[in-house]
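Shared chain: chain A. Partners: chain B in the first complex, chain C in the second.
This part shows the complex of A and B:
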């Protein structure tokens, strides 16, 4: 019994509690907004949102996965950088670059035949990584803060991609890129049989594999040991002879690759296949920050958080049936993230609520 | 005399360890009450409970005869308690004033006003002769000064009961005697002080009574006037400790470390922090570096170990030039380094003990295969070190370093650095924060390493330590080595003269300008 109590009191679990409390608080906040907007429809709409992800069984859940896939990947990107003490706000730009490269290859390099999608995915990862390396180098050797550079790199990516779309694979009629032929999108590996009648996409498998790899790197390898050491204590890492500059660059490179893969998974799915010439950033990049925070920067947590936000997205679409704008979901998502950022306070609340004592490792 | 504070049957458990086991403690008005106990005995835990940081599992606390439930540090301050923690809790890039008012800022129209606070700080600083500059940045001031800022923080909140958790561990002898005087003024005003220290001389000097803890249990309270150091030690460790260790004559070998004309100045500054330093350490000898804090010791150690990499001159290890090498290359060339600041450099506090114990070796064949860590060997290795160096913690190899007691953190670093088979051991304040039993053990280890033929270079602010273990003593003053002495041929007084710059040794006369 004592043992169980102790494990309950452990730091990690406390964080999980506070994340759960943040979710509940965020949802309640959303409900209040619904009530303010339209009291008569609020409860049915809220109810339908809560259960939309399961309403039609696996097929609804296929849609959840569809929304979750890119944000799990950007979440991993942000979360991985966090572990090394870096705040990668640049997942958006890395995603755009990766996405464009994937679409470009999918449209023009059909000579790879059935391997086209593989090449496209790999290239997306590589170009995402290259886009991530630049802020990494600037941080390591010039001391420029990565928050500043990654934001700038986002804008550069946006305009660069617009320019490249227009000058290479442009579909002027629709002001977007030419579509990737069906044959060159990421195959579904039979997922569409399980999750029939949904937007399920094969990219989810890529996200799962990426999650496993990241988990492995962080917890089992020398590279992970060094990356986390730099994130926790730069001075001690230096003392231990770890090349923190190189590791900063590696971390940004891997983070960029993950976001690049997110781009491939987004644009090589049968609901998207083309890139719009756009004047605003795709939201999946920034969602990655929310996912990483709610997922407690932990690969498995990030997968769960990504699925949760995907679930809310599906629910949001249902809200339209009740006359609410699906943006209510964005507000809720925002609130949940906001609340999870206040997790310290929630941790204290959780301590009381679950009759815990804050100790364990928190001297 | 009345008790201002009573703690009754306090118990507190952490995962795997009962840190406090039904401890009782009484504090009289106007007394200095020392708490003595081995590393990990539960002293800091007891004080953290008193200060509201931990809730006790059992027991009660009475302030002026009334039972109180101390909810947290802010509540403790309201009740007239003040605590200076074992590890400082200052914000580096805030000023002294900002740090002191942190948490109880005077807010006007949404802006923080520090004018009144600044005045009060100056007054307090004058009254207690603390000499603190209210506008200095924490990152710019010495450790001793930071200590006083912590004390000011407590005074500023009008504490009547001061808890000082190992306040002297990081201070120089001069700063310590200043602190002793400050403590004595407190008690004259009727304030009561709880004083935790491993240094028996300090306890004998400043305390009225001393309570002893061992393994989380209360061992009794002694009147200082009716006891002595041996009695205290026996109560604490359960045996007699040799303050003076026996060592045989060194058998000295070849030069291992050879430093020639090492010079270092900050970019854009003329003043040399290290000024043409030359010396050597041979295999089988312990050479120590004495000096008043801030005379270039830190820079010298950094330059030797690679934390500073742009010093001019030459640093050779077994004839191999190190000066342009990276830290990792130096480590691999046979250099071990026990750093001055255990929290900044010595440990990754969020890592487990076993990870910290391989911090300098995780990349070696033994601990990794094809880039994958070998957890079994890592755990085995750390278990061996934990038992041979008696590192105490709640959950063995899996304990987070952060949750270990200060002294046990230090032992972990010592274990890691001494156990590596290196040719040169550089140790800065190796026994800082250790109990007398552990100090004896570490000194024996250092001598054992020497007898195995290692070269040992120790920088310490404590002359007792220096005289105890050294075969040779170098004195540093304003970035220059000013003397090279044999302990048997010199005295504390003479070393004092060298340290203050009033005397120079043969061969170290001032360079003609």
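This part shows the complex of A and C:
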């Protein structure tokens, strides 16, 4: 028993090592690109990127949290679906639908007074869940692969939201929705006192609460156990009496709700209170995939990974001062995900490396 | 009507080439959801070449060169996918997703370093007004041989060659075996790794080619997105049940949907329905995909070893 526990823990440790190595490798790849483009500016730019999140102390870190909030939530969405063996590429669409519902309520239903934002956030979660249910049902009862349906649902959500914005809360002059009044955005719960002079938003607390709930569901409830069982082995769990079809739908529903909350946190923050009518998608949904993968599909890991990618985003804004397009950050993000796919080999290498070093210390 | 069919051709050719590319990879047992990224990267390489060569040499020859470069670019990125999923036995969906993030980011990054904006412009100069003699054939002539692009002919040729390769060559047989029973393939003395590497590289080359086939007839500048065509190609592949003969018809079907979405305001039949907002036309291809997939009956006949890294010692 002790041996099994030990091997389980060392397996987790192995994955953490591999994630760290993926990060280092991805950053180095980014550095190489910078050197190729402009050797003289590469090192100062890279340096400034690495420390941008702490440059001005807590206020810089407030900006990190601002970027991290929606991607932690979409990361939780993707990661939760992963646990049930589902690849939710549709977080973008669920985020858009949730975001629209939140903005719509924030603009029109002011009769709820100070509770408007609460209603808006809850509704965003519900509609995100409804959007997530559709691929879940199709997967469970029609056997349509969720990768295809969730991607298609992203495009449908994009155009549907454009249509709804145009026909209800439209600001034709700027080709976007009317802004949510300041009174109806998510309050900051005093976070702005700690992280002064930053874009900090109260939505971060929602992300933390969501993370705790997901951690609880996955580790302490029957639902979580059954969801994970379906993810590990569908046939075995069916044999054990688990209704795998309903669990598939539940997983997509909860994933959708999380992405819907991400939408609410994005559009009900004070630097971003309207939805643009455009043909391209917000990137926060896709970022969720990177966050979930780097976070090892684990709620706490996802929180850390979200903060890490938020940190990189803040660093990316500084790159322009050195004449580099901020997209180099996205290249690094992609490379980190790529390297984390190679994790096992990396991790084994890491173990050998650390063991060798330890032996060296002993000697 | 002829305009409609011609537009349909422009929209379905990239789908055709990219879906055939996806078929090569998936038949050999390697999931390829990186098609979108491969398309973007291929188109990026090809059009960057056009951007630099602008005004020096001209004519169809340049376009052929651009197509070759696009294929090479797709192959290069495909090599990354092959390395991760064949050599390193990594999770193929994760590697594919990573490439989907890297490709557009790299394209925008480089584009912004060489041009003032995120877009790479290229001059529209490849249209063939009409092909002599052939354009006089009734019906087919005006559709295929007037205001045409050689990209269309290349795409159709690629499809025919792929059809022959997959169905009636030794490599095609090995390809299918590698995706169904890799261990029996290995036991007959063929390296599964080699077959899978080759297929993923072909897949990358075709997806890269598909990227430039997408941009040349319908646009005048490169922007780092292909409107989800790579993902639509996956839908085509799933709907075709991994059968290469069906791919062409399904590509035409999706091409038609895209055509209606893009040109509905100028179509005679649809113009009277102007109470339907344009957003709903834009949704049409994606809604159609979901409906069509949920009503296609029968168990999914995906290659049985798809997504499973090949490990010799597991026999």
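Quick note on the criterion: the second predicted complex is superposed on the first by the 346 of 363 C-alpha atoms of A that agree within 3 Å, B and C clash if a C-alpha of one lies under 4 Å from a C-alpha of the other, contacts with A are read in each partner's own complex, and residues count from 1 in each chain.
We take it that a contact is a pair of C-beta atoms (placed from the backbone, for glycine too) under 8 Å apart; a residue touches a chain by one contact, two chains touch by 3 or more.
The structure presented is a predicted model; accordingly, all values stated were derived computationally and were not measured.
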Have a look at where A:56 lands relative to chain B and chain C in the superposition and call it first, second, both or neither.
neither
Which partner does A:337 contact after superposing on A: first (chain B), second (chain C), both, neither?
second
A:246 in the overlay: touching chain B, chain C, both, or neither? Say first, second, both or neither.
neither
Taking the superposition on A as described, I'd like to know which of chain B and chain C A:145 touches: first, second, both or neither.
second
Touched partner set for A:197, first chain B, second chain C, both or neither:
neither
Have a look and say if chain B or chain C is in touch with more residues of chain A.
C
Would you mind writing out the residues of chain A in touch with chain B in their complex?
6, 9-10, 220-223, 225, 228-229, 232-233, 235-243, 357, 359-363
For a test of understanding, state which residues of chain A touch chain C in their complex under the given definition.
33, 37, 87, 89, 138, 142-145, 147-149, 151-156, 159-160, 162-163, 166-167, 280, 286, 289-290, 293, 324-325, 327-331, 333-335, 337-338, 340-345
Show me the residue ranges of chain C that touch chain A in the complex, using the header's touch definition.
33, 80, 84, 88-91, 93-95, 97-106, 108-109, 112-113, 225, 228, 231, 234-235, 238, 277, 279-280, 282-283, 285-287, 289-290, 293-294, 299-300
Which of the residues in chain B come into contact with chain A in the complex?
14-15, 54-55, 305, 307, 326-331, 337, 339, 344-351, 355, 359-360, 362-363, 368, 371-373, 400, 402-403
